[in-house]
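Consider the two complexes below, in which subunit A is the common component and subunit B and subunit C are the respective partners.
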Partner chain A sequence: MTTPGEFAEFLPAYLAEVDELLASAQRDLLAVEEAVRRGAAQPRAVRELFRALHTIKGLSAMVDVEPIVSVAHWMEASLRVADQAGGRLPESSVEPLVEGLRAIEQRVRQLGAGKPPSPAPANLLERLEALGPQVLEAAPREPRAVVLDAQAAFASKLAPSEREQLEGGLAGGQRAVRLDFVPSSERAAKGLNINTVRERVAKHGDIVKVLPLSGAAAGGASLAFALLLLTHSEDAALLEAVGGAPATVRSLAVAAPLAPPAAGPSAPPPAAGPSPALLPAMPGALGVPGPEDDLDEPEVRRGGGLLRVEVSRLDEAMEWLAALVVNRSRLTRAVTALTAAGAPTRELAAILQENGRQLRDLRSAILRLRMVRVGDVLERLPLLVRGLRRTTGKAVRLELDVGDAELDKAVADRLMPALVHLVRNAVDHALELPDERLAAGKPPEGLVRLGCHARSSGQLEITLRDDGRGVDAKAVAQAANAPVPESVDGLLDLLCRPGLSTRQEATSTSGRGMGMDIVRRIVVEQLGGELRMETRKGAGTTFTLRVPLTVTLVDAIVFECAGLKYAVAVGTVEELIDVDALKVVRPAGADGLGLLERRGAAVPLVSLERLLERTAPGDAQGARGTKALIVRQRGEPVAFAVDRLLGQQEIVLRPLEDPLVRVAGVAGATDLGDGMPTLVLDLGALGAARVGRRMGAARSGGWAS
Partner chain B sequence: MNVLHVLFKVDGTEYAMPAADVVQMESFSGATPVPGAPAHVAGLVQVRGRVIPVVDARARFGLPPSTPTLDSRVVVGQLGERTVGLLVDSAREVLKLDPRTIQPPPPMVVERAKGFVKAVAQVGPRLVMLIDFPRVMGEETADVDGQR
Partner chain C sequence: MPEVLVVDDSKVMREMVVACLRPYPDSRFTQASSGLEAIEQLSLKAYDLLVLDLNMPDIGGIEVVEFVRGQDQLRALPIIIVTTRGDEASRERALGAGASLFMTKPFTPDSLQGAARSLLEKASDEASRG
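Presenting the complex of A and B:
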């Protein structure tokens, strides 16, 4: 029975975990496929893939997602065989494995969307089940030419693949040795610890495995590490790398002429028996047959120190920070008022300035928390291209050159669909079939290259280049029923027309047409970025996207006032009300200010139109709007009259950084899709600032019109 | 060395600024007014995804306002980190100005032009005012420490 409802509270954590595992599984499967094509074994990737599925199965069993458990189970079973066969997979096994991962991913998405996962396709399960025997057949059966010293090499702790790697190295003429490193405080002081030793030893060869040894070690220490490695280096060089005695080196080859086996009883015996599992494996939860191997090394995973945090928590921190900023500006005003009244505020002002710096630092620290590596975001693209290769019959190579640029999660989430779209278009529309390419004097394999780098202006520039046929301006013009554009910008404008398609029939990959309008909408309107194109007939097309590294998303109410649109953050609005002009009281001498009754209390009604200086004060009739937003201004509710409410939507808030337009009461600007910036107002601050200004101006006798 | 300049017109007078400071020219179809901004700020426009302030040259130079026409242009310039626009009546020409023809402005012009004109160049029979772009764009804000 699949009843995800019961596990609803675990679901977010489950989905996040499985997402990550799927991403690494996809990476590994690609590596495996690559190796299979070359006819080579890829023991590490097979093993990682096996582990990922093993864990996915366990986690899915825990939240009772039966379809995923079944798929993962059969994938795991065949991968276990492959792992034992030294990481070899027959070519025919790749496709079912890819489909398996896709089936899992689909179901994870369904769960994420709050839907029940569809049952596992029976035919896929059958094919996956049949994989195990196929894998077994494909495994090499030649007798092993070399033998490992079982005791020295902790044979019981070696995975078959690791064993094969060691034996393969030996057979290939390398030395297989076990190097024991004994840490101590003196060595640590000289910078020698297991991590630096790993790096130093890695220069001498391939480290196959590192095992911690407890119990009495050489030199009287109680902890040592045994590094099993393949190397061409001499013992002396290896010993040197780990700081000399009491470190030891011994060969792992039995009857090798270089060193006698088991150099003596000085080495401690390996800890007996399999170590407890580190993975959250849940065997038995399913009654799944098959023994659980000793898969889990007591090896500390490196690159740790990562913490997974829900984005909503970061947003919460950001909100508190915003509250602090608002509070600070109130404080600033109060200090300014004090100063004006002649109070000694020098120290206070200095503290305030320091406080401002600290707030800025805190803000950038929190923003940095939301940054994700672009490389991680693009992880799915190679798999996408692989799928396209199959469905289009085109030979494609995807080159990623993303470096270590980082991007705000909110930007990355929005950008990804646009990139997927562009890559799809490139393969589906731009690249030619191999024959066509050969005829045009190009290599049969098409190239799609995605590069990105951060620019100093706080923007990320992404280029997507293909060496395909280029955009046919005439065909586009014809499809758009427009004259052939003169410039490439004009051509891009045509391409971005909604619903434009240069294809007569829909294809399964790109659907019907290009959907470039969606790409542009995401890049330009949603993210406030830039989209450009260069194209040369027969030579290819390059799209350049420039997007801000961070965006601030705000749920906003959009309204109209004096013929212009404005937005205001939903969170600041207490209530939306209808204004009945007949019930508005206009006290004498209140300068057009009205009062209206709300739940037994009088609430001032302010004309936003006047506040925004959209009317000459002379013709002011006071608040005329038919709707009003109630916002707290210095703790008191105030109604701001507006003409029309247009709705609620999520907007990208772009702060106004130029000093010319950095004014109180305007939080920033946004693009609602009409190409004109729309102001995002902070009504409370706007009201307060204008009142202050008016009074200040009145004092100096300047406020008149 | 002759330096490339962008020429534009405001109320019949020709002005120029180095082309190196100009990012691009845009036609003008209205700006979003910003309440509380200095009076010479026409508002915000969006240029290739960026939101930039536009200074109305007429208002800045103390000239009578006029309605924007099809000829109106926003000269988008770079001022260090800032990207700002200057709204002018028209901008059609790009010229190389010979430094030898550039003279300091007469004292009366200096006075009248509030320091916005830093030199006068002679182009054939025409006189072209070289503007001090940073000064024209200015940063006049009421704010003390740049924080809102």
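Presenting the complex of A and C:
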């Protein structure tokens, strides 16, 4: 056994990888459930699910997380049986598997929060253990067989689930082809290797199997890879995907299914069920989770070239970049001086110009690192809707049309709870029960459609549409104890009132948790976006959200001054100090400015209250605050007196872009979570703008104890 | 300077294996995320040790071992199979196909390193004896 801690340093990487595996496992399980309901097999998803659990188990054993090992072990065991039985699972197995994934996820969260993982629930383990025999019972007696003419090499190597996959594809009108790719150093140098070829080929169909060949089988090459593919694509397109000759394409003549399989001489099927990872051939939806209906063709390969990086490291890179930019302006000044002195600086100036471009490119490259695909962000919604289907008893279809838009991770993290709430609301409140829908002349299955696309304005527009009953303005008005609003905007305002609920009872799904007021706060106040609504009685409701693609996150010190809250970026504050009013010296002629001692040097003390003109100019109280923030101003420390420090927190900085509102010394506004806009101050600039001259006077007054 | 090829579809697992073997003097590591990629790598460059996971997409570790042992120039390549508890049934098949050693997760850095050391030293002894 491993001694605990042997691989402790790998824990963060372990958690990140398990997180990714869980996400793909959840998607695969949804696909399996879809197939189960249709009574179909889902060989690829089962195989992928099996492999994900197998990997989770192995990794968890290495880092010594026994509860996850146990859960993953029993899930894996039943999935192995299902894989060998051609990818069929009984309906009764889905729920325990969902719970198993959830149990693993909970423990991953605990570990991520630095807590020990809870033991595996005994009752869940028992149910998972009992799955194996159930799966076996549900397996078809005679595995179906596909015969590939003159392709004994393939036929003998195919696992039952792969045969099933081939059979399904052929029945669905795809053709089976064999593509041969010959690797070489030259091709590898051009980026053409088996991994990239595989990815390119996967865009043309479903790869059932890949076999390495050598000697005569490789057609004279020392090594060739034969890809068995189900596809609708033309030969020419396939050949192009594998980099042209010496690659070859040949169609495989496929005979009608026969039993028993024309296996090679007593070749055993591979025990562990080799598992191709596949990309779906969904037109227009490559690489993004498609509408739920398409989930039986899931994108199962993911995270291949992905790297998880802590956001703080990106911020660090940004800081270094800022230092570079500062250095560059010094360089520019130096060159200007040289030019003025008559030096030949033409080349230097050209280099400097190029350098400026490179810095801008570097900046946008670093910013891009923070972007995540909207499709990846939304991948949990299908699972959410699945849960809602069960708890509400409503038939509902979720359509996602997310394209390939990208979004700042910081925006995505904040936006997700709002979207989850809107989807819950749509299913729980807006959609009618199947009977009701039929009576209203609608299809029994409700539709929730989430679409989004990036707009040229640097915003992401998200629409969430349901075909439910629409918002009942009268009921909302009654619940809010207000007159029936005349406009839909007025109705939205009512809906967004804190604490409003048109339900008498909290439902188990929407609960009384987050209301529309929180949705609006996230979208409008926190992210600086817009929230709109359209609704038609009996026809449905559409919410339109517009949020910026990116936001600026700042670690801020929050303080109170003259009864108002303000924030200031931590990075700009050199020190927080207590102010002892008795030790503040107020030299004559300094207009109320004080001086305090800090490590033997005099530091001007400025009253922020006066600076912000929160007190009448006649009030000669000067700096009364008991705390002060020390900020550098043109290299000199200046203390800003404030009333009270309220703490430190990460804020979303919303720059004040309207030139009419822009004020020197105000970096922007933020929402601290209380729904009130709070100004984010730039104390250095604020002081410089207002008190530069007076301060000089104070300083010349000297320090006198 | 031993060239080691580490094959696993889990990146964390590959890094753990590399961390275990890193103390072995002057070793150089190449990572492959699939059995196919491993076979391609082996065709492009000479390696002194192959550390191989069993359960991978497309073709599993056993198929890789079978293929490797079918190649004249790779017949003597030391192969360590690293796999997960529950795969013990594959042990006989892996060793039968020509794997040199079979290790089950979780393993300790020392045990993997010891296994690699003995295989590499044995191979270099045989090479020096001609």
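Heads up, the rule we're going with is that the second predicted complex is superposed on the first by the 393 of 705 C-alpha atoms of A that agree within 3 Å, B and C clash if a C-alpha of one lies under 4 Å from a C-alpha of the other, contacts with A are read in each partner's own complex, and residues count from 1 in each chain.
One rule holds in what follows: a residue touches a chain if its C-beta (ideal position, glycine included) is under 8 Å from a C-beta of that chain, and two chains touch if they have at least 3 such contacts.
Here the structure is a predicted model, which is why all the values come from computation and not from measurement.
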Have a look at where A:210 lands relative to subunit B and subunit C in the superposition and call it first, second, both or neither. second
Partner chain(s) touched by A:529 [first = subunit B, second = subunit C, both, neither]: first
Report for A:225: first if it touches subunit B alone, second if subunit C alone, otherwise both or neither. second
Is A:77 in contact with subunit B, with subunit C, with both, or with neither (first, second, both, neither)? second
Regarding the shared-chain residue A:185, is it in contact with subunit B (first), subunit C (second), both, or neither? second
Of the two partner chains, subunit B (first) and subunit C (second), which one does A:14 touch, if any: first, second, both, or neither? second
Of the two partner chains, subunit B (first) and subunit C (second), which one does A:193 touch, if any: first, second, both, or neither? second
Subunit A positions within both the subunit B interface and the subunit C interface are none
Residue ranges of subunit C in contact with subunit A within the complex: 9-13, 15-16, 19, 33-34, 36-37, 39-40, 43-44, 54-60, 62-63, 67, 70-71, 83-87, 89-90, 93, 105-109
Sort out for me which residues of subunit A touch subunit C in the complex. 1-3, 6-7, 10, 13-14, 17, 51, 54-55, 57-59, 61-62, 64, 69, 73, 76-77, 157, 183-185, 188, 193-195, 198, 207, 209-212, 214, 222-223, 225, 270-272, 274-277, 301, 304
Seen from subunit B, its contact residues with subunit A in the complex are 30, 32-38, 41, 44-46, 48-53, 55, 82, 84, 137-141, 143-148
Residue ranges of subunit A touching subunit B (in the complex, touch as defined): 325, 328-329, 332, 336, 352-353, 356, 523-524, 528-530, 546, 564, 611-614, 654, 656, 658-666, 669, 671, 675-679, 685-686, 689-690, 693
